[in-house]
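Shared between the two complexes below is chain A, which has chain B as its partner in the first and chain C in the second.
So, the complex of A and B:
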């Protein structure tokens, strides 16, 4: 880390103060939550750090049948919260456990992960699959599904805004998360988060997202549509696996090649669907 | 020396490490824990090009940066060709390096160095050094290096000892025994394997670092994180142009080396900066610099061809090596030699052998010493080929090893033919418990029940694989260690050793070796190691040498001191030394039962009668290098759909003679096995077409974490090495030789594909599976 130019550290008491400090620095201030990405990133232009972890945004609460997570909640906090454990059969716990290692999870915040939105990250894939909605405050208050944010200029938005919370809607069914990394604490070489709702032996709704392709997690609506109205079973899973292989957009990077990613995406979606179907039927 | 049979009190006990409490308590014991007032920060400007001439270097703007005190580059330092390898004399590595050259040979090569008041100023100055390069075509693989018309990397006229500089060959060997072509042709059963190992990192927790300053007498002190303090002194003196008598090298606690600190890298730069400025200079590599600018394992392709009789007994072995030494040839010849010298004697039945290969220059980072030192690369190919041979013979792989491995009283022509960059030394195996290691290891993993019976669990397929290995204990004709043992007036002891504990626990085991002979508790022996002003000479901590070579020196010194103690006590008691026993901190007469404590002996010698210092200095030069042996067994699971490989269980049964400190020996095995698992599954430095390393950090260069550690069972199978101190041999390197082939063989057992290119990433395994497998 090269933080040679940082000469001020502020602890913002509330969102207004954080915003006014951010605006006063005019691009030379940085919000500090967990600090994981701040430590990794180039800090050459940063002169002031604004700590936003003491603004009361670190709660995990049940809301409208789903769960609402404050932006500065750490992944450990989420993992250990009763609300997350109860949410859609513990899918948040499953996802958080797949992220890095406990010392990093103790630092990293959900807001940080959402805003950094690394293409190889675990959380964007899960947030998109789960239909998460983000609420933020900048000049005005804003609200949008995470999926829509990622399609737009969200990095620009968050240069002058503070993420407040992330809301995850209720789902009548189950989700599962799958990932392949090089080591247990590694980022994903490819990941998948899938959910199913099953009624009377028929799939009523389906959510399928694949990430670290190496691009960021995105839903595959065509695959979801192919699932709805069908009967879960080996035949369907094989069909879907092949469809994912045919349709998923994958690429090469130094961590893995496109051919392997294509095959593995199909495998992971299949595995996630099988587990989700088991959960949804239970 | 005869092996003592009496019950041991210090040796064989897992005593508290002598440096354990201070390390655990976080005391300031490491190189850069010492703050000196007025110390400057030294930093190095790396080359952005893989191969280029420096046309012009302009430092005016950099010198003007406030706080900058000195800038070094090729234009203002002495040009002395040397090798950065910290090896014995005569140095077997080519003199193909100068401190700062007008040519750069890899991305990260040294262009200039700056000393400044602060790190920020030093960095700013580096950014303001204007360098004009004439970029040359680069050589980025050993094949390119050997191609006709390839650019010559070392065209400087003043290099010495390069095998064939024009054709980029740093070193070459060709050692035939018998007629291998005929032997292979006539053998009824043949098998082969070619193993490839990429660039990989030692990943020591502490980066290379040094503090250089002049003491009150104007002598240069180098406090440095090194495995070879005496070689640092010798080489820095020559390169910087100082009288060695004016240099003191101090090695404090070291945060790991694994061979990467058997290199003289930062010391001469820091010394010159201190000399130019008259100020203390601190230097430390960043992790990125450790990756790129320190040293790596030699990437290699090793091809093994085996010919055997129908009984499985080997008749011919051909081993061919292509080693990539990177931009400089440090350890090029010796690592290359070790690929054969540490592997071929293990199966000594073959009459026809040929070991041949080249180490070639490329415009990539510089390879050097790394735990295993070529043997790791050699065993990968050899032991996969043995697995393939067993299959062809329809023989159990354990039985195949049993029919071929060397035994007590036997020898191999290789011992004499291949040494450390020259001829070796004939030797006979005096201790070998490999047969027991094979039996015990196979039982522990459940070999009979599991081998050839792949177990399936969803997409996961389980298989078991095994491998054997040996190493050495020091380098014959090269390694020498000395120890000085001094008795204090209170009856306690000071043990001064040149040996270099780099985190291995050698200070502790040397204290144990002395304490055993002196009949005292280990904490009565204070160890002071590796300070060229105060401790006697030692070639250094490499080649699995410390327990055996330094240990023997300590043992001899302790025998001498023991004799002196008995003499003083005999005079005091009026009895001949022959009837006296030394145990439990006292001398006791078997005849009269009269006792004298060691405190009384010390007091008498120093203050009372015939006053003298009870002390001895002894040396040990390595006449032979008794190999430790090990058998490795691995259970691996392969995800057929994704190609992910999981090591479920790893058993290593090793014969290191007497384990002086069993827990320490097990720790060495466990650590080495884990490092080997890293080689097998994760570790690989990757390069852009420009020659730049693109994953020079632990974010994208993965080493196994605690979460990835499988169940590793290290079993010490005792033997008694008659030439070793208390029967001991080495243990530090051998463990890294097994995982690559054992895991590869387990994958084959599980899914029928031979993984011969490390690491066995999901992508590579999946690709091999899709190619149809079946071997």
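So, the complex of A and C:
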């Protein structure tokens, strides 16, 4: 890290102050939460840092049957919060434990992960699968499903806005998260988050998202539709695995090739579905 | 800018540039246990505790610790009066070149402050982000488990 050009450090007391500072810097100010992305790279244009971790946005609470997470909550706070642990059979604990290593989880915030939105990251895939909704404040208040944000110009939005919180809706069923990296703690080469609701031996709803394709996590609606109304079991898992292999949009990058990603995406979706089905039936 | 925070139990009032890395500041004031390895948060050699939680001081600027409680290895033990974790590292032979050791001890301290009966896998998860290029990790895991046993037996100060 080279903070050579930074000449001011501000601690924003509330969202209004953060927004007015951000606007005063006109592109040369940066919001600082966990810092694991911002302070990792060169800070070529940044002259002022605006610390947003002391504005009271670090809470995790049950809300409307789901859970609402303040933007500056660290991944560790989420992991250790009773509300998050109870949410959909502990899926948030499973996802958070798949992200990096404990000291980085002590620093990284959910808001930072959502806004940085690295294509290989674990959290975007999980947030999209879980139907997360983001609330922010810029010139106006904004609210949108994370999935829709990622399809639009979210980077532009967050240049002049502060993310407030992320809400996760209740699900009557279970989710599972799978990833493959070069090591257990490395970034994903492919990741997948799947959820199932099962009633009377039949799948009532399904959520399937695949990320690090190498593009960011996206749902596969065609796969979800192919699961609904079916009976969970080996025959279905094999059929779905083949369908994922046929339909998932994957590409090459320096970390992995397209053919390998295609195969691996099928395997990860299969594994996640098997575990989700077990959880949903329990 | 003026900065005040607690370092190893002692109040500090000092000047820092707003963009000064916390790692650099700590070394500047004598905390040489805090090592610069990768400078990107990957190696864990600069691990310290802030309000009892392990963080990477290379990925922080100094002003972030305003009003907080900072602990480095110097605050855990000294040469004359080593911390039980440090004694366990010696006894298990968990030290070779020593560059990673401060970060390892600090990360183990955080783990044992929350869980004094960790499984070997829990120890491995805790230290997974702290790289050691000498030991092969086996003796480091042994050392942390030994220190945990001592803690359960009431042999920590």
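A few remarks follow.
Definition applied: the second predicted complex is superposed on the first by the 282 of 282 C-alpha atoms of A that agree within 3 Å, B and C clash if a C-alpha of one lies under 4 Å from a C-alpha of the other, contacts with A are read in each partner's own complex, and residues count from 1 in each chain.
Keep in mind that, in the parts below, a contact is a pair of C-beta atoms (placed from the backbone, for glycine too) under 8 Å apart; a residue touches a chain by one contact, two chains touch by 3 or more.
None of the values given here were measured: they were computed from a predicted structure.
Of the two partner chains, chain B is the only one touched by A:189; chain C is not. In the superposition on chain A, contact of A:251 is made with neither chain B nor chain C. In the superposed model, A:180 makes contact with chain B only, not with chain C.
In the superposition on chain A, A:7 makes contact with chain C only, while chain B stays out of contact range. In the superposed model, A:107 lies in contact with chain C only, and not with chain B. Set side by side, chain B and chain C differ in how many residues of chain A they touch, and the one touching more is C. Look at A:267: by the touch rule set out above, it reaches chain B but stays clear of chain C. Applying the stated contact rule after C-alpha superposition, one finds that A:36 touches chain C and leaves chain B untouched.
Of the two partner chains placed by superposition, only chain C is touched by A:51; chain B is not.
When the two complexes are laid over each other on chain A, chain A has residues 4, 40, 101, 184-185 in contact with both chain B and chain C. Contact residues on chain A toward chain B in their complex (touch as defined above): 4, 40, 101, 180, 182-187, 189, 254-257, 259-260, 263-264, 267-268.
For chain C in complex with chain A, the touching residues are 1, 17-21, 39-41, 44, 47, 53-56, 58-61, 63-64, 66, 107, 110-111, 125-126, 128-129.
Those residues of chain B whose C-beta lies close enough to touch chain A in the complex are 120, 459, 641-644, 681-682, 686, 694-695, 699-700, 702-705, 707-708, 761-763, 766-767. Touching chain C in their complex are the following residues of chain A: 1, 3-9, 11, 32, 35-36, 39-40, 43, 49, 51, 76, 100-104, 106-107, 184-185.
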